[in-house]
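Dumping the structure here so I can ask a few things about it.
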Amino acid sequence: MPTQLVERQRPGSPLRGLGGRGRGPSGGGAAPGREPAPVGTGLLGVAAFLAAVTMLFLAFTSAYLVRRQETGWVEFAAPWVLWLNTAVLLSSSVTLDWARRRIRSGDVAGLRRGVEATATLGLLFVLGQVVAWRQLAAQGLFLTTNPHSSFFYVLTAVHGVHLLGGIAALALVLVGTWSGRYTAQNHAGITNCATYWHFMALLWVYLFVLLFWV
Amino acid sequence: MEHPGQVKDERWAGRWMSALMMFILVAGVLSFVWSARSYWLLPLASAQGVVLDQLFYVILILTAIPFVIVHLFLGISLWRFPAKGGERAAHWHEHLGAELTWTIVPTIAFIILGVFGEVVWAKIYSAPPANAEQVDVIGRQFEWQFRYPGPDGKFGRTDPKFVTASNPFGMDPSDPENKQNVITVNDLHLILNRPVAVRVTSIDVIHSFSLPNFRVKQDAMPGRTVEVWFTPDKAGNYQIVCAQLCGVGHYTMRGNVIVESQSTFDQWLQSQEK
Amino acid sequence: MDAVAVHQPEAAHEAHPKESFIRHYIFSLDHKMIGKQYFLTTMFMALVGGAMAMLMRAHLGWPDNGVLNPEQYLQTVTMHGTIMIFFFLTVMLTGGLGNLLIPLMIGARDMAFPFLNMVSYWTFVPGVLTILASFFVPGGPAGNGWTSYAPLSGVPAAEGGAGLGQTLWIIAILFVVVSSLFGSLNFLTTILNMRTRGMSMGRLPLTIWGAFVTAVLALLTFPVLMAALGLLLLDRVAGTSFFEPSNLIIGGGAVAHQGGDPLLWQHLFWFFGHPEVYILILTPMGVVSDIISAFSRKPIFGYKAMVLSISAIGFLSFLVWGHHMFVSGMHPLLGAAFMGSTIIIAVPSAIKTFNWCTTLWHGRIHFTTALLFAIGFVSVFVTGGLSGIFLAIAPVDIYLHDTYFIIAHFHFVMASASLFAILAATYYWYPKFFGRMMNETLGKIHFALTFIGIYGTFYPMHFIGIHSNDRRLYENTAYPFLANTGPVDVFISLSAFLLGFAQLFFIFNFFWSLKHGPAAGPNPWRANGLEWTTTTPPPHGNWEGELPTVYRWPYDYSVPGAKDDYVPQTVQAVPVAASAGGGEA
């Protein structure tokens, strides 16, 4: 007589991968009735998405580097607010990672505070980018002014859109904290969010360097 | 396989499919033979085209072989192995020797072909000889323009800032040399047995400067000038085809190539000078 | 209805509440329903793309009849290619077949992210609506080829009438790209993480291996297309100059762009474009392997080599894109490098072809319609692959580039081969999803007419291509050496009409059999895959009760001494034949 295997999947929930199921911090492990999955499903999904995002920015990078070699390339200096924005975004990574470590010890309140801080800092970053755009416009640098400005607007816009997606995910996490979804054993969703967020922060640093310092 | 309508004896179906494969084999080969009489490589008129055509024929033979073999194999298998009674199929499914053979043999064939291809490619893009005739080519919607140096063999100065619709070459009006350059529309004059180096560009969209009789094709790219050279070795009139979709008039963008003796060319050039 | 509870075997049959119509049919989260949505939508788009082809051939066979004017012709050509590649083949193979088959063949209840799956389909739909809308806007749809080279596509003044149409083209494809990215992410994660117990990667059917590598390719290359499309859109509507160089004179006047590079568009486009064609062939290769094996009652020959070949093709496909650009003006050294890589990629395809052939040898072949199309696949794939060798050798490509030889090549490997695999898959898995058998007689007529029609339409294109008949030409009248192509053009057009006509048999068969086909049991083909171990059609959650456990690979056909000539993956110990010394059917 085969043993009764009971498993629950929640196909309707957008947070499926974020919930974890009593496995490791990333959600990996062996589920009953399945082949072992060393990397949690949610994290794998995030990793796959980040691979695609990487390719997107690699394509933009190659376009940028090719264009830079053409004649008539002029560069403008980085608006000072970008330094501030970078600091804000890196801090938001710190707060999110702090939140992740808090929930590892079961501190839901700490998790919530950390996530709220991260989301706030993330929004501040996006606002700061808009300020940077306004500063550039004040100098007469618009989307079509020169190739350097074109790439600046495109890259910051695309990065910003992806970051806003990350903020939306953080909002969903916040909703989850109110319903007690995350525990010391089950917080794959936080790990997944943090992975995505840190990547976005590193991506910004990369873009900053590419646009102004390489 | 017990679903409704299924016949257990598949020999009839096997024979029909086998015949179909054999038909493709025979028709596929014979149609090439038939085609070669009316629809084939255009008459060759350049020196470097010779080795390109040879390469084409080598590939033709090399590809005909697997085309025949695979269809023959399919034809035989489908004839010999339809389900017909209670017998079982074989169960074997690995054979390292076979696998290695049909990996290594095609690889070697491809490598040999590739080496030939690389050698020929390098020659095509080698530097033109010193005595090459020089012609500048511009593709534009929907015509070709050519610029020849004057009798002194020199081109006048050009600069992108002078480019306009009526001056696509961007000739500097202050350079008197430019007055001796000859511009034609759609007529490319080449000298028999003398190499010609053409510098190809465009002033609007991508066109493609294609001289099929000379086995020459080079995209005319705006913002970029690319040089190709070749040696016409048969006198006569040929066509230039635009080989890259360039807008609604793409199908009209034909030019003419006239290959003539040096003296005829000189006379023509003289007559163009004003 | 969100929860898919596992039913204890003795529980009531339908333990969950009935879904509303909207939930069940429109915004379904069930991969089977989503797969059917994709299937029907892409089938419809195939008909639209096919109608474009019929129009093209009606014009090309009889150019004096005035069916199309030059601009309409280019628009028809463009929309034919665009719709067939993006809106039919790509999405049918991934969203359609991928969704229908992956969870069932690996033993999962559904995709890893069912909500994302639903979002993927509903992101595809706006793309469909946008591209269809582009037919009706002023100026009509895009007419710059499916490859949409800049500056022609970047500067509205260059194109004649199509202004908004080209912009909508970009937007429509952006929708498809996003939809496909979400889909690939889902397929990849599902295949890696949701396989049932015992289903190691080495026991996966080749259909799934194909779908897996396809998902990797799509994930990594669609973003590059997205970047290219985004930059092109900005060039068109915002006045940036990513792809337009300085000093352009268009329509008699100077154009404001400066400093961009048209070659950049080609590099970005083909970096995506080449893996794209492998996206269109890898899953078909897997499907053909599974179908040939099942209907030869014989294991696929060289499973490991097949897996390695699929993976090698996937990897190498990133390295060959420049072979679309040999005459583009890029540095000749690059051309030399791409020639080398392109030659190498032919080897794994050759290996696969020989393995399919060897599978048939000493098989016990059942000539179902699915098998006919699978064998047809081998024939057209070989023909198309061989013509590719001419094009891989760059010096020879100089002559053949942008001629009908190229059209012949890709219509054999891409249009015909992928199409045949899709049709084979439809005939093969139709009983599982719709609970009925399709009519075999109609299927065989469909196959015969389609096979003849394909060869009749595309094989002669090799000849006129060798004769230097360029592609995308409205008429041949400008070139005296093309004066004699008329009869061939007529032959091609008539074959194309036959090909179009043949599809009516399929369409009729498909819809008629839904109601009138004989009822199908769970495993009408006596095949080994996991999908055949569940009921027909599969229930919500794919298996009543527990998920199956897998004990073997899917190719145990004609095992010596076994009672049956097939042993499904879920069978632990092979039941032996009654008489010792075995071998009774």
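In this document, chain identifiers A, B and C correspond to the written order of the chains, with residue numbering beginning at 1 in each.
Just so we're on the same page, a contact is a pair of C-beta atoms (placed from the backbone, for glycine too) under 8 Å apart; a residue touches a chain by one contact, two chains touch by 3 or more.
Because the structure is a prediction, the values reported are computed rather than measured.
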If you tally contacting C-beta pairs, which comes out ahead, B-C or A-C? Let me know. B-C
Compared with chain A, which chain's mean CA position is the farthest off? B
Cα-centroid distance, chain A relative to chain B, in whole angstrom: 48
Could you work out how far the Cα centre of chain A sits from that of chain C, in whole Å? 33
Expressed in whole Å, how far the mean CA point of chain B lies from that of chain C is 28
Chain C: which residues touch two or more other chains? 246, 260-261
Enumerate the contact residues on chain B facing chain C in the complex. 1-6, 10, 13-14, 17, 20-21, 24, 27-28, 31-32, 35, 38-42, 51-52, 55-56, 59-60, 62-63, 66-67, 70-71, 73-74, 77-78, 81-83, 85-95, 98-99, 102-103, 106-107, 110-111, 113-114, 116-118, 120-122, 124-125, 140-141, 160-161, 163-165, 168, 170, 203-206, 208, 210, 212, 215-219, 221-224, 226, 239, 241-254
Of all residues in chain A, those that touch chain C in their complex: 2, 4-14, 16-17, 33-35, 37, 39-41, 44-45, 48-49, 51-53, 55-56, 58-60, 62-63, 66-67, 70-73, 143-144, 147, 150, 154, 158
Contact footprint of chain A on chain C as seen in their complex: 1-6, 8, 29-30, 108-110, 112-116, 181, 184-186, 188-189, 192-200, 219-224, 226-228, 230-231, 234, 238-242, 246, 258-261, 264, 267-268, 271, 546-547, 549
Quick one: in the complex, what on chain C touches chain B? 70-71, 74, 143-145, 149-152, 155, 158-160, 244-250, 252-254, 260-263, 296-305, 327-329, 332, 335-336, 339-340, 343-344, 346-347, 350-351, 353-354, 357-368, 372, 375, 378-379, 382-383, 386-387, 389-390, 392-396, 398-399, 401-403, 431, 437, 439-441, 448, 451, 455, 459-460, 462-464, 466-468, 470, 472-476, 478-481, 484-485, 488, 518, 520-521, 524-526, 555, 557-560, 565, 583-585
